[in-house]
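Two complexes come next, and they have one chain in common, chain A, joined by chain B in the first and chain C in the second.
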Partner chain A sequence: MIKKYFTTFSTTLSETYTYRAQTLVWVLNSIAWVAVFPFVWLTVYGQRESIAGFERAALFTYFFLVPTIDIFINSWVYESMQHMIKDGSVVNYVQKPINYIGYMFSRARGWQTSQTVITILISGVLYLFLHPYLAFPAPNWQLLWFIPVAAVGIMVAFLFGTIIGLISFFTTEGGWLKHFWWMLTTIASGYLIPIQFFPSGLQHILSFTPFPLILQTPIFTLLNRMSVSEIVFQLFVGLIWIIGLSVAVYALWHNGSKRFDSIGI
Partner chain B sequence: MKKYTRIWIQLLKNSFSSTLSNRIDSASYFFGKLIRFGFFWLLIISIFNFTETFAGYSTYQVLFFFLTFNLIDILGQIFFRGIYLFSSDVRKGNFDFTLTKPVPALFLTMSRLIDLLDIIFILPIVGLLVYAGIQLPVTITIGAILVYLFLVLLATVLSFTFHVIIAAATIWSFENENFIWLYREAMTLGRLPPDIFPVLLQYILTYGIPIIVMIAYPVNALFGLLSVGDMLFAGVITLLFIAVSLVLWKIALRSYSSASS
Partner chain C sequence: MKQYLRVFTQLIKNSISMLTAYRADLLMRVLIGFGWSAASIITIEIIFLHTQELSGWGKSDMILLLFTFALTVDLLSNLGKGIEDLEDLIRLGTFDTIITKPIDSQFYTVFRQPNIAGLLYFVAHQLPFVIILILYPTNISWHFLPVYILFIILSNILWLSLKTIFITMNFWWQNVGNIHFLLFSIAEIGKYPMTIFPYLMQFVFYTILPIGFLAVVPSSTLLGIFSWTSLVGMISITFLFFFLSRILWQKAVREYSSASG
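Up next is the complex of A and B:
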């Protein structure tokens, strides 16, 4: 049962190794996108040591971790799903004795695992130059909370990505949805600035959404900036969202694959 | 020139038909673009909640950097969007058809895809540039505006040369999506004043990948902060990039093996 998904995962890993130049450029893209923000906020800090309870070194460390955590947890599965639905190749997976959503999840993890490894290597090189500006906490048991937080974050991001991808069954152009999703995650998961900088009312609302789990919560867990009760609350919120999103994915796949019309069927 | 304009207008008409036939999708896509733009605008405004000036610039000066970045980025999208189809053309052998047409292959490669939404999107950008220009805390002379427009033109030419280099790389690697996105992500480093970057990075972004020349030079010229030497340098580096990109394109074309060969 699990073996076929593991095979998909390992095949994808080999694929990324074969196209390693492409993977490297993709990773560089992700790093370039976020590279500007530490400089922006360091300029804003000027001579100050702390803004909104965030020390300068902590903020720099936050942005240092953003590309790795983003590549490890976030999901771009909608890109290939939209493509497969548009060109009809999704029909191949309807006929195969493999669950399409599970297959796409295994593939996504394969891609992201190799991309994460490359990002860690690049970050390792950058660390040699940047370590005087970074502030990591000393190793402690609380860091183990990163494992469930990352697992829930991965599921949430994948399910959202799947929903955006499957909507292509019902519309010819899903580009606008990608923009909306990009905008939402960029603001609400803490890409441009930690959510801690937002007004307290907005922070409170966002704590009930799954977005912080995609970026800020995993980074804050690694930086020891969240208490155990805050982490548990975020996990609880994430699990409820996973249930709701899974139902939505099932409904979209069930109805979408029924109305899907492809030449040759 | 007349022939190229005629072809470009015909391609624009095709784009117009395509946009009209997908009205809801086009409108929602355009809306998404506006949101993305508005969101970054808000971010800049938010930055000034924490500081009086940003790298020595006022709110509207920083917004002017952001708007100029958008203007140059969209000009590149309007005229050179065809690059997005190029890797598919090379892989499937459709580039053979481009080569056989009585129009320079480079022109057709760059302009064969035009998005009407880019042309529509440039209108609010120009409107906001005028608005931000009026709010600037410095006096803007007609001469400064003319130099600004000339440097924006040079930036568009530099953008063209980057697209040509990516097209050449596509012929060698059969893949360009990541290259074009790498270029566009690198361009985003110009959204804000370059003074926020370390000196070494500023050198790289001036002499290596001249993003500062493309975006900060026109803006600083408008603010009266650009020397004549810098303006001459902008002209020299543009000529250099034109020469290098065209040589690379010719070399790449020689190594292109068509689908039928």
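Up next is the complex of A and C:
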């Protein structure tokens, strides 16, 4: 049962080796996108050591981790799903004895695993130059919370991505939805600024959404900036969202694949 | 020249008629235009919750910078959206149909699919910035407006040239069809004052990768910080990168071997 998904995962890993230059460009793209923010915030800090309870080194470390965590957890599965639905190739998976959603998940993890490895390698090189500005906590057992936090984050991001992808069954104009999702995650996940810098009311509202789980919560867990009760609360919120999103994915796939017409030769 | 103008007008007309086929998408793009400016404004608001100025730039100055940045990267670039499909054209062999046309291949590749929906997105994106600048005006030196307009024209050409140079690389590096996304990400740097960066990076952003000229130089001018050096620099860099994009394109087309059978 699991073997076919593992095979898909390992096949995708080999595929990324074939497209290694493209993979490298995507990784550099993710790094370049956030590269400006440490400079912006260091200017804001000026002579101050701390803002909103965030020390200068901690903030620099936060942005240092953003590309790796983003590539590892976030999901761009909607790109290929929209493409497959539009060009009709999704029909191949309706007939095959493999669950389409599971197949896409295995593929996404394959791509993201190789991209994460490249990001870690590049970050490792950057670490050699930047380590005086970074502040990682000493290893401790609380870091193990990263495993469930990352797992929930991955599921949330994947399910949202799948919903955006599957909506293409019902509309030919899905580009806007993708942009809307980018926009929302950019603000609400903590890409531009950690949510801790937001006004407290907004922080409170966002803590009930799944967005922090995609970026800020995993990074904060690694940086030991969250208490166990805060992590557990975020995991609980994430699990509720996973249930709701799974139901939505099931309904979209079930109805979408039913109304999908294909004419073969 | 007249022929190119006629072709361009026709391409614009075609694009407008395409709009009617994707009406819902168009409406959503307008909403997303508002949304992205909201995202930028929220970012600026949060930054300025913790500081009075960013390297000498006040909150309204930063809004002007964002407005100028969009004016630079979303205007001519949307009309020249066709260049972004170059990798597909080469891979599928359809670039052959372009080089056999009795028109400059670079002109046609760049301008063959003007993105009118993108221009509407641009208008929606700019509107909140304009409203904020009216409500919270900054110290604009209106007598520099003609120079600002000249800089905007030049920086539009500069941005399109940079984009063309990056995408032209697809002729040689077919396996990095996504390279222009890297340029888009690097260009984000242009939304912030260059003085927040170390000197070496500032040097790079005013020479090798002249992101600093896209929005910071025009905005500074409108804020009254004008120097002849920036005018000469802007003109020289724009022409340099424009001609570089021409030379590179011509070399690429000479070396291009068709992918079709």
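Everything that follows uses one rule, which is that the second predicted complex is superposed on the first by the 264 of 265 C-alpha atoms of A that agree within 3 Å, B and C clash if a C-alpha of one lies under 4 Å from a C-alpha of the other, contacts with A are read in each partner's own complex, and residues count from 1 in each chain.
Note that in this section a residue touches a chain if its C-beta (ideal position, glycine included) is under 8 Å from a C-beta of that chain, and two chains touch if they have at least 3 such contacts.
Keep in mind it's a predicted model, so treat the numbers as computed, not measured.
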Clash or fit, chain B versus chain C on superposed chain A: clash
Touching partner for A:Q22 - first (chain B), second (chain C), both, neither: both
Contacts of A:F170 with chain B and chain C, given as first, second, both or neither: neither
Which superposed partner A:Y127 touches (first chain B, second chain C, both, neither): neither
Chain B and chain C contact sites that coincide on chain A, given as residue numbers: 21-22, 25-26, 28-29, 32-33, 35-36, 39-40, 42-44, 46, 51, 171-173, 175-177, 179-180, 183, 186-187, 192-193
Residues of chain A defined as touching chain B within the complex: 21-22, 25-26, 28-29, 32-33, 35-36, 39-40, 42-44, 46, 51, 171-173, 175-180, 182-183, 186-187, 192-193
Residues on chain C engaged by chain A in the complex (per definition of touch): 22, 24-25, 28-29, 31-32, 35-36, 39, 42-43, 46-47, 49-51, 54-55, 173, 175-179, 181-182, 185-186, 188-189, 191-192, 196-197
Chain A-touching residues of chain B, taken from the complex the two chains share: 22, 25-26, 28-29, 31-33, 35-36, 39, 43, 46-47, 50-51, 54-55, 173, 175, 178-179, 181-182, 185-186, 188-189, 191-192, 195-198
Chain A residues within the chain C interface of the complex: 19, 21-22, 25-26, 28-30, 32-33, 35-36, 39-40, 42-44, 46, 51-52, 171-173, 175-177, 179-180, 183, 186-187, 192-193, 197-199
